[in-house]
């Protein structure tokens, strides 16, 4: 078994308010799906943001694939761990579906031969192949989420963290999402899903559950 | 004291800010600063937000101080480098006064930020401010933070896609900011249209007036406080002009 | 008399293709009517027309008319429309804009210039209906998605509308909240209120007296 994420003696407090998160010990395995559950406002998203380096801990450490996040830049973390926001429109900004997929390449003016194919393949695989020239403002919630996932997968992260991915999705889109998760697992990726919805928890009933309650993380 | 009527706080903010704009002499400004700090302590300001804002404006503050020191050439020279006066008394004084001015404005804004939005709306409505105006203000204040969050979220998402912001050239960085600004603004426009529809569907704007479920009442203490503030304001203004 | 009725409604957004053509529908008091149709068929647009949002807030080429208890919608003031028609939208986050639950519920009645005592009564009544009485002073930010949607519904109920329009209001709800909202709708029907809702799921058909299907701009009534 490979450990993807390991957290030791993590402590974090927001500047505003008196909320603190503490996580003495946490291991997330590569190639498996783990559930991070708990009520709204319990600190699930905070934990995820700490793992991705969006927030920096006030004490303790987070390691991804053996490297401490404190020594990595956000860009370096992103190449290992992908993070899907609860509201995926927050991570889309390029105008059209295709521009979104190639945004980073354009920005860095890198070679586009291989990545164009990769972008096309990903869109096809997630059922967005026909929507290449569609404006991101005219995508449905489910389509936005799948596009955000595609942009994340462009960087080929080995591990994915999904923040409340079922919120705002109707039944049909939820089923599509579950199939995508199965698919990503078959590819050998590790996944952590943050959720407070029973349907998803029941769907992945065998998965290890990490509970977050009032800022306390426990297995 | 935090339950002082929002109108009294508004009056106090008005006094502080107009003082900050009128006064140019250091001792008066220092006095006002003291008066203002007293207010932020007793009215219950949003201190954490204030501290954050001060930290963010610190470089700007230092720059202002520096500009004054360098460009104000009158007054007794205080510091020389090879006979050339670097710091003059006037420059230092003016710099310090300007700093205090900004500080006072930030502090008084923090007092209003610490107040409950609904109480302020209710107070406005009692003051016969048209509700369209006060709601516009409230919505603007609520939207501004989301504006900056969505910008920083976009930046974070982009970095997590593997872009090293620090390694981008200045030209590319500027181009990136320009590219990100447009969708952020577009997003805000879409959100505000949705909000308008939702508010209207619940009757906003249906009548020339609206009632307020939340009531704010001026207590005797509030009236006394207003009186004291009023007298203080007159005395300070008179004092400032008649005893230079 | 029909509570809500659409007569020969045609609509297009500017120079685009016609989205709705000669659509007729009606909802009687105490009746729940479900509108189904594939995405992009104009269900939301029809909701907006039925609730007066089109042409009030969004423009387009609209023909035909909507009658509210026999009176053309366009001849009524906003106040009269709002007193009679409540609309619940899909996304609760965009429907809540005040710090606390109480503020949120007071907003509508305040707009109608109701006296304080009446507003207090309506807040209590609406919160009770969605089984969230203990949440009165809670900050809306801390609520779950389903709870937020129930508060959005309560905010509409506080206006005591005689016609309720729901635009895919169920689609994002968890099981517990769905059951509660369904209960609210049943009680509303018993009170004689008319309900017009867009919802594709089979599981909601139990609420309905009649079902319409919208496809290719045409509407037709389908058997239950």
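Each chain carries a letter (A, B and C) given by its place in the written order, and its residues are counted from 1.
One rule holds for everything that comes next: contacts are C-beta pairs under 8 Å (C-beta built on N, C-alpha and C of every residue); 3 or more make two chains touch, one makes a residue touch a chain.
The structure displayed is predicted, hence computed values, not measured ones.
Student: May I ask you to sort the chain touch graph into line, ring, star, complete or other?
Tutor: complete
Student: Tell me which chain's centre, taken as the mean of its C-alpha atoms, is farthest from subunit C.
Tutor: Most remote chain from subunit C, centroid-wise, comes out as B.
Student: Report the inter-centroid distance (CA atoms only) between subunit A and subunit B in whole Å.
Tutor: Centres of subunit A and subunit B (C-alpha means) sit 37 Å apart.
Student: As a quick test, compute the distance in whole Å between the mean CA positions of subunit B and subunit C.
Tutor: Here subunit B and subunit C have centroids separated by 40 Å.
Student: In the complex formed with subunit A, which residues of subunit C make contact?
Tutor: For this pair, the touching residues of subunit C are 39, 91, 142-145, 168, 171-172, 174-175, 200-201.
Student: Flag every residue of subunit A that touches subunit C in the complex, lowest number first.
Tutor: 39-41, 140, 167-171, 196-199
Student: If we count contacts the way the header does, which residues on subunit C are in touch with subunit B in the complex?
Tutor: 51, 53, 56-58, 77-79, 82-83, 86-87, 89, 94-95, 97-100, 102-103, 106-116, 119-120, 123, 155-156, 159
Student: Mind listing the subunit B positions that touch subunit A in their complex?
Tutor: 48-49, 52, 150, 153-154, 156-166, 168, 172, 176, 179-180, 183-184, 186-187, 190
Student: So in the complex, which bits of subunit B are touching subunit C?
Tutor: 116-118, 139, 142, 191, 193-207, 209-215
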